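Both complexes below contain chain A, partnered by chain B and then by chain C.
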Partner chain A sequence: MLKFTKDHEWIAVDGDIATIGITNFAQKALGDVVFIELPPIGKALAAHADAAVVESVKAASDVYAPVSGTVTETNEALVADSSLVNSAPHTTGWFFKLKLSDPKELNSLMDQAAYDSYLKTL
Partner chain B sequence: MDIPVADTLEDCVKTPLYDVHVTKAGRMVPFGGYALPVHYAEGIMAEHVWTRQHAGLFDVSHMGQVTLSGAGADVALEALLPGEIIGLTENRIRYSLFLDKHGGILDDLMVTRRADDLFLVVNGAVKHADIAHMRAHLEPKNIIVTYMDNHALMALQGPEAAVALTRLAPLCASLKFMQAGAMTVAGVECWVSRSGYTGEDGFEISVPAEQAATLAEKLLAEPEVKCIGLGARDSLRLEAGLPLYGHDITTQYNPVEADLSFAISKRRKTGKGFPGADKIMDQLLNGAPSKRIGLKLDGRQPVREGAIVYKGDEPVGVVTSGGFSPTLQQPVAMAYVTADCSADGTQLDIEVRGRKLQATVSPMPFVPHKYFR
Partner chain C sequence: MSMNTHGRPTQPVAANADGAASFSGNRGLDLQEPLIFELGSNTRTGVDLSDEKITKSYLGGLERTQPINLPGLSEPEVVRHFTRLSRKNYAIDMGIFALGSCTMKHNPRLNEKMARLPGFGDIHPLQPQSSVQGALQLMHTLAHWLTTLTGMPAVAMSPKAGAHGELCGLMAIRAALVARGNARQVVLCPESAHGTNPATAAFCGYRVEDIPANAKGRVDLEALKARLGPDVAAIMLTNPNTCGMFEPDIKAIADAVHAAGAFFYCDGANYNALVGKVRPGDLGVDAMHINLHKTFSTPHGGGGPGSGPVVFSEALAPFAPIPTVIKNADGYHLIEEENAESQTTFGRMVAFHGQMGMFVRALTYMMSHGADGLMQVAEDAVLNANYILASLKDVMTAPYEGPCMHEALFDDSFLKGTGVTTLDFAKGMIDEGFHPMTMYFPLVVHGAMLIEPTETESKATLDQFIHSLRGLAKAAVDGDANRFTGAPYFAPLARLDETRAARQPILSYKEPEMLQAAE
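Right after this comes the complex of A and B.
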C-alpha cells in the first residue's frame, strides 16, 4: 500500500512496517540536496512530528512522520550520498522505516490518484 | 515536509527580462518586490558550476541604477561615503559604502565616473532609501539624482564571458576589471562595466529596458552562455567572499567590522570627512570588537543565517550567510565573531538544531577571484 501526505511525503506499507520518503514534487521544489539528517533508530515519532531534515543548496526543510511509529531502520546510502533524493526519490532515496503504532492512521492519507489530483491544485 | 513556498508573485514587478525567464523555464519567486528566477531547469548546482567554467547571464534589473549630475557631484557624494570619488578618473569604477552618522553601513555600491555624470549601482532592497538619502543630504542642492528605472541591468560572468561578449561588443575587450565604457552590444547602445558579484571575470551591462530582452536572447545564443538564477548568484558570491547587503552588512556594522577597510580610500583616512569617521578611524588603528570572517565546516551540513557561533561553551558570534560550496564541496559561511576569535585557523563550533558543528576560521575568498586586471 502506497500513501501520500499533503506535505509531500510518501509512505509504502508492508505489514506493520512502513518506508517513508519524499515525493518527486518535493525534491524538485527543494533543488539539489546536499545533506540529510535522519532520526535515530529506536526513536518513537508522533504523527506529524519532525522526523528528518533535508538541506538543499537553497534552505533547510523538515520532513514529518506521516503517521506515528518507532524508527526501525534508516537509509545509510542516503546519508552517504544525499543526491539520491534528487535522482531516485521514490526508490533508493527513501529516508527511514517505521514500525507502525496505529495502522488506522493510514486511512487519513491520500492514495496515488488523490495525491496526483492534489498536485494539480498547487 | 515543509517545502519553501513562495509568497504571491502577483504583486511583484516584472523586470524587462521576465518573458525570457519564463521561456527558459525559470522558477520565478518574489524577491524584494520583483519576480525573478531562483533557478532554471538545470538547478542551482549546475548553474553555479557552469558560471565557474563558462559564462552565466544574470538578470539584476532589480538593482538601482542612479546618476548624479551637476557641478560638484563628486565632492557632494564623498560626504556620504569613505571612498575617493574626486580623484576617480573617467570610466573607472569604485566600490564604496554609504554610511550613517555612526559609521554603520547603509548600503554598498559601485560608483563610475562618466563624462557627464556619476553612475551608481546600488542594492535593490534599499535603492529607494539610498535615493532619498542622497536627495536629502547631497550638498549643494543643485545636484540632480536620477533613478534610471527605464534601464535593465544584466551581468555576464565567468571565464568565457569576455570571449562571448567580444563577438557582440568588440570594444569590451579593452576594459580591465573596474573599468567601464559606452559601447554598442549587438547593435544596442549600452553602458558596459567589467565588474560583477561572482569573483569571476565578467561584465555588467546597463541597457534600455525596451531592448533588454532582445539583447539577452542574443547573449544566450552564444554557446558559452546560459541563464543563471538568484540561487547560484548567492552561492557564487558566497564562495567569492562578497558580502550580501541586509545580511552580511547592515547598519549594525561599520566598514572595519565588516572587513571592508579597503573601501576607505587613502586620502579619506586623513581628511575624516565621512560619516562615522572618528569611530571608524579609531577601529582601523586599534581594532574593532568584532569582525566579519569566513568559516569552513567539517562534514556536509550547511549552516544558515542566524546560527550561533561558539568558542568552547562561550557564544562568540553569529552566522550571517551560509551554504554549501559547489566548488569546494563543503559548507562555508560568513559570520561576525569577537576579535579574539577572528584569526585564520581558529577552531569554532556552530550550533544547528541543538548540535554543534566544527568550523575553522578561513581566509576569504573561499574560491580565488579571477578578475581581469
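Right after this comes the complex of A and C.
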C-alpha cells in the first residue's frame, strides 16, 4: 500500500512496517540535496512530529512522520550519499522505517490518484 | 565549457570566447588571483631570520614531524594578494546592497573616528574600573538611549549579535517561567520567521511549532489564539515581519499571549522600520534584541563584529543577564557578580561586557542623528522601500498588496514560463553591477526576492537600481533567457558548483598532488 501526504512524503506500508521518503516533486522543488539527518533508531514519533532534516543548496526543510510509530531502521546509504534523494527518491532514496502504532491513521493520507490530482492544484 | 550540476557555466562566457584570452590570464585590470599557497612557496621566505639552533625541546614529544608548508612571501606580495582579493569583493562602500532583512546601511565615517579615540580604542576589559569611567559612561548612556527608544525598562548589553540576543531573551523567559514553577515546552514561530528563531528556541530546549499566516501575509490571530495554552512558553515574532508587512494585530497578539501566561519575544532585526516611531514596549513586547549592526549603522557582513543588546519588560527585567553598568555617587560601576538586586539573573553570557567598539559607533550614530533624526531614519527607510515596490510592481510581481514597511517583497510568478529562475535573475543583477537581493526567503513565498534599500540610498541610486531591474524583468518576459542562464557574463567567475562544494567540501589547503592521490 502506497500513501502520500500534503508535505510530499510517500509512505509504503508492508504489514505493520512503513517505509518513508520524499516524493519526486519534493526533490525537484528542493534542488540538489547536500545533507540529511535521520532520526535515531528506537525513537517514538507522534504523527506530524519532526522526524528528519533535509538540506539542499536552496533550503533546509523538515521531514515529518506521516503517522505515529517507532523508528526501526534508517537509510545509512542516504546519509553517506545524499544525492540518492535526487536520483532515486522513490526507491533507494528512502529515509526511515516506522513500526506503526495505529494503522488506522493511514486512512487520513492520500492514495496515488489523490496525490496526483493534489499536485495539479499546486 | 565547464558547467556546474545545474547546467550553468562555471566560467564567464566572455572569458572563453576565441581570441579573447590574454597572455597573462588576466582580463584587463581584473586580475586572476591564485590561492596564497599557490602564490608562495615553502622553499622561500619573505623575512630574514637568523638560524636558531634549538638545543632543548620543551614540547614533551609533541613536536611537529611534518613540514608546516606555510607559503613564503614578501610583504609587497602579501599586501598585493589581499588587495587584489578585496577588489573582487562587493561592499556597502561600493554601492547599494539591497539584501532584504539585513539592513545594509552606510557605516558613517564619524562612527569610525569616535571608535578610534584612545579612551575607547586603547583600553582593556581587565583595566581598573576607575581608569575607564568614560567607557562605562558611554555604555550607560547607550543603554539609556536603547531603553528610551524601545520603552522598555531594562537592557542587557552583552549579547554579541542577533541570534545571541535571541538566546539571551529566551533564557530570560525560561528563567522567569522556572521561577514561576514550570518552564513549559513549546515556542511558537510564524512560518515566515527568520531561521534563527526556531533554532534559538530549540537550542533553549523548547519544541517549535509553526503559526500559520493568513492570505495577507500576517499572523493568523485566530489560529494563534486556538493554539495558546499552558504548554506554550513564548511566541517569537518579527515586526515588521519578513514579508516587509506590519503586523496590525500585534497588540491583540501580545494580549492573548500574556493572557495564556506566555511571553512575547520580538525579533528586532527589522527595527529599522520602527525606530523613533514606535516603542516596542507599548506593543506588549517582553524581550527584543536590537541589531546595532543593522539599525544603528555599525559595520556588518564580514566587516563586523555584530552586537545585539536585548531590552526587557518589567516582568523579565529581574532575570536579565549580568554584567550591567550602574551609576551612583562614586561614578560608574560594572556589576559583574550577582548581588542583592540581581540575584534572580540567569547568569552571564560572555566573558566580558559586550562589543565595546560597536557601542561607541552606535551611540555616535544616535547622537549625530538625534531623536528626530532617528525618526526620519525609519520614515525614509519605509519611503525608499515603497518607492521600489511602486516602481517595480508593474513588471515584477508582489505577492502582498502594499504599502510595505522597510523592504519590498517580490515572487517569481512574473518569471513563470520564461525559463529564468529567481537565481538566474539574481545572477543577471551581478552583470548590472549590483549585489543581488535576498533570494528564496521568506520561504512562504515562491521564488522570493526581498529588497531592502535602507534610508541611506539617494533617489538617484534607487532610480539606477530600478532602471536595471525593470530592464531585466522585461528581458526575461520578452524571451531573452540567455541573458540570465549564462549570467554573470561580466564577473570574475560565473556559477560555482555549490552542490559539489557542499557535498565534497575541501576545508584546508592540500598540495595538488595530495588532492589527486585522494581521488
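Quick note on the criterion: the second predicted complex is superposed on the first by the 122 of 122 C-alpha atoms of A that agree within 3 Å, B and C clash if a C-alpha of one lies under 4 Å from a C-alpha of the other, contacts with A are read in each partner's own complex, and residues count from 1 in each chain.
Here, a contact is a pair of C-beta atoms (placed from the backbone, for glycine too) under 8 Å apart; a residue touches a chain by one contact, two chains touch by 3 or more.
Please read all numbers here as calculations on a predicted model, not as lab measurements.
Superposition note: with chain A as the common reference, chain B and chain C are in steric clash. In the superposed model, A:22 makes contact with chain B only, not with chain C.
Of the two partner chains placed around the shared chain by superposition, neither chain B nor chain C is touched by A:102.
By the touch criterion defined above, A:64 reaches chain B but does not reach chain C. Applying the stated contact rule after C-alpha superposition, one finds that A:9 touches chain B and leaves chain C untouched.
Once the two complexes are laid over each other on the shared chain, residue contacts for A:111 go to neither chain B nor chain C. When chain B and chain C are set side by side, the one touching more residues of chain A is B.
Look at A:82: by the touch rule set out above, it reaches both chain B and chain C. Looking at the shared chain after the overlay, A:35 reaches both chain B and chain C.
In the three-chain superposition, chain B clashes with chain C only at 7-15, the remaining stretches of 7-15, 169-177 or 367-375 being clear. Taken together, the two structures place residues 31-32, 34-35, 57-60, 82 of chain A in contact with chain B in one case and with chain C in the other.
By the touch criterion given at the top, residues 5-6, 195, 440, 443, 498-499, 502-503 of chain C touch chain A in their complex.
Chain B contributes residues 1-4, 38-39, 43-45, 48, 231, 235, 299-302, 304, 323-324, 326, 331, 353 to its touches with chain A in the complex. Contact residues on chain A toward chain B in their complex (touch as defined above): 7-9, 22, 26, 29-32, 34-35, 37, 53-55, 57-64, 82. Of all residues in chain A, those touching chain C in their complex are 31-32, 34-35, 57-60, 82-83.
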